[in-house]
Amino acid sequence: MRKKVLTKVIASGLAATMMVTTMTGCTFGFASDPDDPNEVVEEEPIDTSVDTFEYDTALSGTNITLLNSKAEIQVALEAMGEIYEEKSGVHVEVMPVTDGDSPYTKVVSLYNSGNPPTLSILDTTDVIALAEEKAADLTDEPWTAEAEDYLTRVNDRVYSFPLCIEGRGLIYNKAVIDEALGEEFDPKSIQTLDDFKALLDRLVAAGIEKPISLAKEDWSLGAHHLQYVYETYDGTSEGAAETIEKIKDGSLDLDNYNRMTEFMDAFDVLKEYNVAKGDPLGADYDEMAIDLADGKTAFWFNGNWAWPNLQEAGAENDDEYGFLPYFMNNDKDDFANQQIQGSPSKQVMLDGQIASEQEQKAAKQFLNWIVYSEIGQQMIVKKANIIPPFKNNPYEPADPLSRDIYNRVQEGEAFNASAIVPNDHWSVLGAAMQKYLAGRSDREELVQSIKDYWAEQE
Amino acid sequence: MKQTTIGGNKKKVANLLAMVGLIIIFIAYMFPFIMVVINSLKQKRDIIKSPFSWLYTIKGLSFDNFVKAFTQMDFLNAFKNSLIVTVSATVLVTLLAAMLAYYIVRHNNLVSKVTFALMVASMIIPFQAIMIPLVSIYGGTLNVLNHRITLIFMHTGFSMAMSVFMFHGFIKGSVPIALEEAAYIDGCTHAQTFFKIVLPLLKPIISTMVILNALSFWNDFLLPSLVLTDKELLTLPLSTYSFYGTYSADYGTIMAGLLLCVIPILILYLVLQKQIISGVVSGAVK
Amino acid sequence: MKTKSNGKDFCMFALPGMFCFFAVLVVPFVYGVYLTLTDWNGVAKVKNFIGLKNFAGVMKDTQFWTSLLLTFKYVIVVVLLVNIIAFAVAYLLTRGIKGQNFFRAGFFTPNLIGGIVLGYIWQFVFSRVFVNIGEATGWKLFEVSWLSDPGKAFAALVLVSVWQLSGYMILIYVAGFMGLNEDVMEAASIDGATGWIKMTKIVLPLMMSSITICLFLTLSRAFMVYDVNLSLTGGAPYGTTEMAAMHVYEKAFTSRQFGVGQAEALILFIVVAIISGTQVYFTKKQEVEA
């Protein structure tokens, strides 16, 4: 008997707990707590009073789907879909790529299920793999003129809409550096790898023992770090493609390629001053954001997408954060030491195989709405916190990281080189980089694994 | 029945040792859950900086994570979807598997043998091997994805083998054929015999299979994510997707969401557990 | 049973279940086998028959064989630990200890959570909680994250799998122990059989059918470990903990070699089929009719 009672007590206890939670959800759910760091900072209001965009009334009532592989803008995209529906009558269903699935896997399984999304947000390599087989030709869309430098072409045709510009480099927290140095820190004063090292040593002397945070994730190491080897060839996408071709056909020997050596020199400096030097592969992404915001570190190698994490860690929009270049050598005139890498990262592909003409038109209108309508322009910048590649968008991003990238793009202090590499590049070579980061392999082995990787590609 | 004093003491000591051992293993088992409960009440910053402590938090404890999880998951709707799918599929697979297993045990023919062998073999097919063929058949050819009924059907099909396997063992071991023969003599049809005589005897294994199947349906992620894309139809595990960002996870909300998903099934387990145990005991007196 | 109504019986009892099973599992599986003989990449409209070329691709994929070898290591450790622990705990839980129902419920709870989420929780425990404890206490064992060292990451994977699987097996072993005939046990005690002898000569043989089932289940589940592998280590550090099932998935979708991935899945299936088939054959022979 007693066992039964015990079971019942536990069951009813749990049920009660759930009831309480449920009720809390209903009654106090919408009270906001001013000290809550999870609370989204009050958003800039979207002005919907002016709208000169011409909607095609024939499209009203059409349903389109949008597959989103950029989890952090899910909420913003849903909001945009809603307003777009209000204005145009076209319903946009935003489908997320669920956890544990890659965008490509999701798209492939959706195509196999005969129910592909009308629009899909994908990585550039995915678009190139699918373009000629599945995508609608967007070459003649008006917005191509507004983003000329940021288009991806497959055999001279445009099959995708560049959604955003993302830039990466060494994020600094100016307040921390100012305080440690006891003087105003001028990012422009750091021009070479030696300058950077000297700065790091001063920070160490001032008590910041290990001033750099370095992510252990394979996408960071394999894509964001390593791809500097290709991208810094001449700072263009064509140059990066050329480099890769030369590595593949063996005409460029990585052992004697100066960018390879320079990259490892630069990486070694980061490695040396890494806050997680004792256990580099145990570094925690979220902790890095907290460390930078708290001033335990002064630098974090990452991109402008890291802002939500920093914000959660306590950073605010008017704090001074920005990027330093990935210093490759001691030549002040080398563009790699002056410029930040900033290029289009996510692409929107329109299905040209299954979607009806009506759906394709509605989807094209949605893309144009993002580029040309007052509301779309505002929302993509303010709500989704994206740096749009379209020149005609007058709105500036609000957070300091995106602002820095935005200004540098405007002033020509950013280079746009996207290296198009096979899809498993980041995971295979990310592993090789992890091994190097952990001190379990040397330079020779790292270079060899890069060579082996490219030798296997057709 | 009275035991000698020495024997009694010895037994007491043994029981005490067993108890201590169990408690230690038990705490080790519960550790991650304790972590989940503690951290579900904390803010992200505290979770990352001091995951272990409950008392020394900067921002204090609150139910905010639960509130956020509850709203972001659209909990009530997702709960309803999960409930419909889990209940229907569990009932369906339990009934069909019991009948099929009964047929296989009582008819020792070629069809039975082949089916049973195929089923045992199928339990070791990696899901990855049939994922794409499955969606291309059901989506591309038949075009029936994005319906609850398709998911229920697939859940049923995927758990059929394991369920038949378990029922088969139980029927073979614990259902005496004599009872059925008596029923036939009394003029019962096969259907009547099965539902009135055999099915009640299967109660213990039914309880076990209900809890095991319900659990796997309730928690499954991969299959529903392939079948369902319409937001209105999402089940609980699918509805927590947004807590896992591309670059980092929203730990507090994940843990709160997790507890919200687990509690209903935990209650089911606690309620059914009594049945499982008593059922197994009575079934043991063959 | 009367044979004349056999057809009707078949339609009523066997057909619905068989239909579900064949439609959902067998047909896609056969179709999948066919796909290994084509050059289909998952998206293209045309599929060309290319014979065994994909299997030649499997032979060349050294990483697959490495991961298969690692899976063997993992399976052996997991199967042994899970069954020993589950057997022992189930034994203790059927001795009439106070609150045994509570314990039984508790041990089963890891199964209440889906694999992917479970992996994330443990990742959090290993990389945050343990490291935190290590910092506070100075224990060498927890000083650095387990997940950043190949050996310890493997141990972490084993630990989590054992933790999760044993609850399920405890349930089956408990049912087995409760089914043991009291008379036989009592008779054994009267005959003076105690402790180890009672265990090996009487209990073990009677428990053989539970052992067969549990071994089979742990074997197949351990071989196909995917969820926990993906979310706990993701193959890290530097790909040293990538098991076969995860490699298959990566091959098909990350490396975009769909045919080769599909062929590897088939080979994995055959390997598991042979091993678990052998296991069932041998343990079945040990079973005694109770």
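Letters are used for the chains, namely A, B and C, taken in the order the chains are written, and counting of residues starts over at 1 for each.
Convention: a contact is a pair of C-beta atoms (placed from the backbone, for glycine too) under 8 Å apart; a residue touches a chain by one contact, two chains touch by 3 or more.
The shown structure was predicted, so the numbers you read here are calculated from the model rather than taken from an experiment.
Between B-C and A-C, name the chain pair that shares the greater number of C-beta pairs in contact.
B-C
Among the chains here, which has the CA centroid at the largest distance from subunit B's centroid?
Between subunit B and the rest, the longest centre separation is with A.
Please report how many Å separate the Cα centroid of subunit A from that of subunit B, as a whole number.
Roughly 38 Å separates the two chain centres.
How many Å are there between the centre of subunit B and the centre of subunit C, using C-alpha atoms for each centre?
16
Let me have the rounded angstrom distance from the C-alpha centre of subunit A over to the C-alpha centre of subunit C, please.
Chain centres of subunit A and subunit C, defined by C-alpha means, are spaced 37 Å apart.
Multi-chain contacts only, two chains or more: what residues does subunit C have there?
Residue numbers touching two or more other chains: 42, 101, 105, 116, 128.
Note the residues in subunit A that touch 2 or more other chains, in rising order.
Expected reply: 3, 7, 10, 99-100, 108, 112, 284.
Scan subunit B for residues touching two or more other chains and write them down.
In subunit B, residues 48, 132, 136, 221, 244, 251, 266, 270, 273-274 touch at least two other chains, as defined above.
Within the complex, which stretch of subunit C touches subunit A?
Answer in residue numbers: 42-45, 99-102, 105, 116, 127-128, 131, 143-145, 147-149, 230-231, 235-239, 250, 253-256.
Of all residues in subunit B, which touch subunit C in the complex?
Those residues of subunit B that touch subunit C are 15, 18-19, 21-22, 25-26, 28-33, 35-36, 39, 47-48, 50-52, 93, 96-97, 99-100, 102-104, 106-107, 111-112, 115, 118-130, 132-134, 136-137, 153-154, 156-158, 160-161, 164, 169, 173, 190-191, 194, 204, 208, 212, 215, 219-221, 237, 240, 244, 249, 251, 254-255, 258, 262, 265-266, 269-270, 273-274, 276-277, 280-281, 283-284.
Enumerate the contact residues on subunit A facing subunit C in the complex.
Residue list for subunit A touching subunit C: 3, 6-7, 10, 99-100, 102, 104-105, 108, 111-112, 129-130, 133-134, 216, 218, 278-282, 284, 422-424, 427-428, 431-432, 434-435, 438, 440.
Sort out for me which residues of subunit C touch subunit B in the complex.
For subunit C paired with subunit B, touching residues are 1, 5-6, 8-10, 12-14, 16-18, 20-21, 23-29, 31-32, 35, 42, 85, 89, 92-93, 95, 97-98, 101, 103-117, 120-122, 124-125, 128-129, 132-133, 136, 163, 167-168, 171, 174-175, 178-181, 209, 213, 220, 223-224, 226, 245, 248-249, 252, 258, 261-262, 265-266, 268-269, 272-273, 276, 280.
Report the residues of subunit B in contact with subunit A in the complex, numbered from low to high.
On the subunit B side, the touching residues are 43-45, 48-49, 59, 62-64, 66-68, 70-71, 75, 131-132, 135-136, 138-141, 143, 145-146, 221-222, 225-226, 229-231, 238, 241-242, 244-248, 251-252, 260, 263-264, 266-267, 270-271, 273-274.
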